[in-house]
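What follows is a short report on a single structure.
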Amino acid sequence: MCRWLAYSGSPVLIEELLYKPQHSLIVQSLHSTLGAEETNGDGFGIGWYGAQDTPAVFHSIEPAWNDRNLKELSRHITSGLVFAHIRASTGSPVQQTNCHPFRHGRWLWMHNGLIHDLLKVKRDLVLEIDPSLYPEIEGTTDSEIFFYLALTYGLENDPPTAVARAVGLIEAVGRKHGVEYPIQMTVATTDGDSVWGFRYSSEGKSRSLFYSTDVATLRAQHPDNPVLHLVSDETRLVVSEPLGDLAGAWNEVPEASYGVVQEGQDELHPFQPIPPNGAKT
Amino acid sequence: MCRWLAYSGSPVLIEELLYKPQHSLIVQSLHSTLGAEETNGDGFGIGWYGAQDTPAVFHSIEPAWNDRNLKELSRHITSGLVFAHIRASTGSPVQQTNCHPFRHGRWLWMHNGLIHDLLKVKRDLVLEIDPSLYPEIEGTTDSEIFFYLALTYGLENDPPTAVARAVGLIEAVGRKHGVEYPIQMTVATTDGDSVWGFRYSSEGKSRSLFYSTDVATLRAQHPDNPVLHLVSDETRLVVSEPLGDLAGAWNEVPEASYGVVQEGQDELHPFQPIPPNGAKT
Amino acid sequence: MCRWLAYSGSPVLIEELLYKPQHSLIVQSLHSTLGAEETNGDGFGIGWYGAQDTPAVFHSIEPAWNDRNLKELSRHITSGLVFAHIRASTGSPVQQTNCHPFRHGRWLWMHNGLIHDLLKVKRDLVLEIDPSLYPEIEGTTDSEIFFYLALTYGLENDPPTAVARAVGLIEAVGRKHGVEYPIQMTVATTDGDSVWGFRYSSEGKSRSLFYSTDVATLRAQHPDNPVLHLVSDETRLVVSEPLGDLAGAWNEVPEASYGVVQEGQDELHPFQPIPPNGAKT
Amino acid sequence: MCRWLAYSGSPVLIEELLYKPQHSLIVQSLHSTLGAEETNGDGFGIGWYGAQDTPAVFHSIEPAWNDRNLKELSRHITSGLVFAHIRASTGSPVQQTNCHPFRHGRWLWMHNGLIHDLLKVKRDLVLEIDPSLYPEIEGTTDSEIFFYLALTYGLENDPPTAVARAVGLIEAVGRKHGVEYPIQMTVATTDGDSVWGFRYSSEGKSRSLFYSTDVATLRAQHPDNPVLHLVSDETRLVVSEPLGDLAGAWNEVPEASYGVVQEGQDELHPFQPIPPNGAKT
């Protein structure tokens, strides 16, 4: 499986997100405490929004903990919306095209978890992808197929519905092939403005997912913490594992739900797959 | 495009094939003289038969000319059937899963050339691949799709017919999408016993391909050349470019033809694609 | 050998420097026209000044022409002082620690050329490096040793004298070991404000080096060229090979000379090595 | 630190050594149980004797657990003397030239542990290396410097004395620079015939090291174990961690001692560093 982090808020050096926290993503690459695997050393990736309409991505097949380029870039790149992902392969090769986050136009996507028995269901899933999107697929992961299914179902217009339909399809196809629990997932996706985070699994025991407490609330609770006075009220993190132990800072995303980090009030809703025959159109 | 070499004959150190010749494949990786590109630096691969039923493959994304592991392995591995390939990408990423030779069971496959406008035709071609073979596809090259089409059409039983049907399909699908010249190819494939080499292109101007002259004939012409007394009568090379300038040693494979290197008499035949509606069954 | 580019001037997307020009450094990585080798595929590096006191560096062992991370970063990073280098190894391994530019504090350094018979003279040269600097050496190239010799001789205070002393030492040590022409070089170094470019070789036949014409002059000559109206008067490029064929845009750095690109008037001076016994103190 | 394995005995597929055992080196790369670090993912290397006078080495900067080339090679290469090493960097970069085993002529060398405060003592140690050997150093690890010191002190003639002198020097230089415990080590070295294994540390708490019990003894204890009937009486393993839990199969190398695996009777002796002023000549 994997671990990931999504940041939205005041522009920040990527180093502050990846290296500085006590239980940072770099620490998690060697010693994840809540993940399915302790080691997440099968490549990594970061995505961020900056000088262009579309986000930048940087992918590497080396473990994050000793990657010098990641350290350099993190010290010099500032962004207000950052995705970062460390990978523990569930079978597909360690290559840059299999590193998250994946990108389509202005959108980024990253996934922790897996589509069970991928080789059994892969062809049926790929056939569902819109033929105009199909040639864009560059890697061989379940996560990228999942992304392109969501795009096929309208991710760019209505992310919660598109993800619900993609998951519904994955579950239907999996069950058709005798897979008991077709999907295990936490997912983050963004268009550069809002961030959507999903937590779900067919067996109802999903990988861990947390979001940071509203900054204004934290500031009231910890009036002496200087960092909390530096970041804007809108700043928010969604992470596989808490990055530290500041009391009250981290909240678990409930099983089978999704949240939206956006301008104004954030949201948290139940998540339910939409089976193929019940798909909204 | 790419350059490749297929060797069949007396067991030989791979170094003798890759490094020792005057115009070796390593030299061609920097300075190909007959290729579509002079530089073939987008990864490489070798395949050989040895201790197991199935052949070994070694793939690297680094240029062959400075790869230290290739040099080490070449000095220590001996085989009587070796495939070697240096890549110049026509668009797909430089990653190990895109390096030739590709393998399926006892079979190896390597390709120089391309399927034109791959992104237009890729989905239609992939749909033709046998669903039981589909999950084995690991990379994203035209060459690997071509291999799996040939396997779908019976490569393991009748290579010339299977390749002819695969090419026929590629041409039909390409033309359906408005591609004038759908395929450009030289291909080598082997089951560990015989080697088949194909030269063809839709436009009738195929990439260069040569085979070595019968050893007995060469020995008679060059009675003082010691190497010719060391190798067996059955030894044969099929190569994108001649490896040296020994008079009489190299023969061009004619346009639109294929040859078989095998125990007993080798063969050379015309090659003609079999269109989908005319496929033998 | 190698090819390189140094840019100083109006902040610019790195993409504009590396990919957009007609005969860009990326083109030179496959098809250098003036270099000692046509292919420069043994890794590359970029360095730039931005968010921190010290510059950032990004190094890769893959050829520049197909490196996806380089393309991504180049599209998203803007800087007013950029070094870029593509490598053709003269023997030392292809690894990130052998990629230019090298960094020490605020300084960057890159080199095209070589110290002849490095293995003969390496130990004597390394012994001259200041013991406090010695542990910083991370790679195994002649170029990095040259950099640390220049630092030992005061690069940070007086670059022309420090480089002249380093070259004087290299020549003296080389000749002691019977090397006829100990050094071949073009070098660029910067502290983030000024850029120094050197062209010299023991045999008096140095690798090519060019600098761009003063922007005000070019603007007068080409009043309709829009690019020339976008960049500041101070903008200047120093390059191994001209990036295009705009008439009057490129000037050869004379044999055995060095230039300074700086605020105010740029400078061009003769360069002469300072032998060890004649070293200024 | 690292983990390693040295095998000497009946020719065996490398796969049998690296992948088949219950607690294999591949398993240890993710989950070492006795090592200083649980994860050993900073590259790996193997060395073996075969077709040439000098051994072959294969080095990779990727973690061993997912390296496809290692898997391929292990399935196809057979040898009677194999070294394998998985690395957890103690600071020096992850690059092929820093991967063990290191080679000089017919000799291989691998090391688990470190020279403490390397940057303080590195220059003094390197100065002790024989000038004729100095140019061969390719990487930047403490382990390679240690190897070249041992070569300087006559490793090829008398390994125990050479290693004792190298350790004596490292301790003397370290203490001169105020390092309390200058060295921590287990080392294996071989000339292709015998294997020497050392266990020592300045603080007297050395990394774990084990050797396998004499095959004849094991066969008597486990008459029904088929593997024990396949291998020769001379077959022996020296490993950082036991590869399985066969009762009686593994014996700890005592603190501060060294062993020799050789034709005839193996040996086990105390190990004591020889300080520079007491060095034998």
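What to note about this one:
For reference, chains read A, B, C and D in written order, and residue numbers begin at 1 within each chain.
In the analysis below, contacts are C-beta pairs under 8 Å (C-beta built on N, C-alpha and C of every residue); 3 or more make two chains touch, one makes a residue touch a chain.
This is a predicted model, so every value here is computed, not measured.
By number of C-beta pairs in contact, A-C leads when A-C and C-D are compared. Comparing the contact residues of chain A and chain B by number shows a mostly shared set, over half of all numbers used being common to the two copies.
Separation between the centroids of chain C and chain D, computed from CA atoms only, is 41 Å. Multi-chain contact residues of chain C (touching two or more other chains) are listed as 68, 93, 96. The touching residues of chain B, when paired with chain A in their complex, are 93, 95-97, 118-120, 122-123, 126-127, 131, 134-135, 137-140.
For chain B in complex with chain C, the touching residues are 30, 38-39, 41-42, 61-63, 66, 68, 89, 93-94. Across the interface of their complex, chain D is touched by residues 13, 48, 50-52, 56-60, 68-69, 72-73, 75-78, 96 of chain B.
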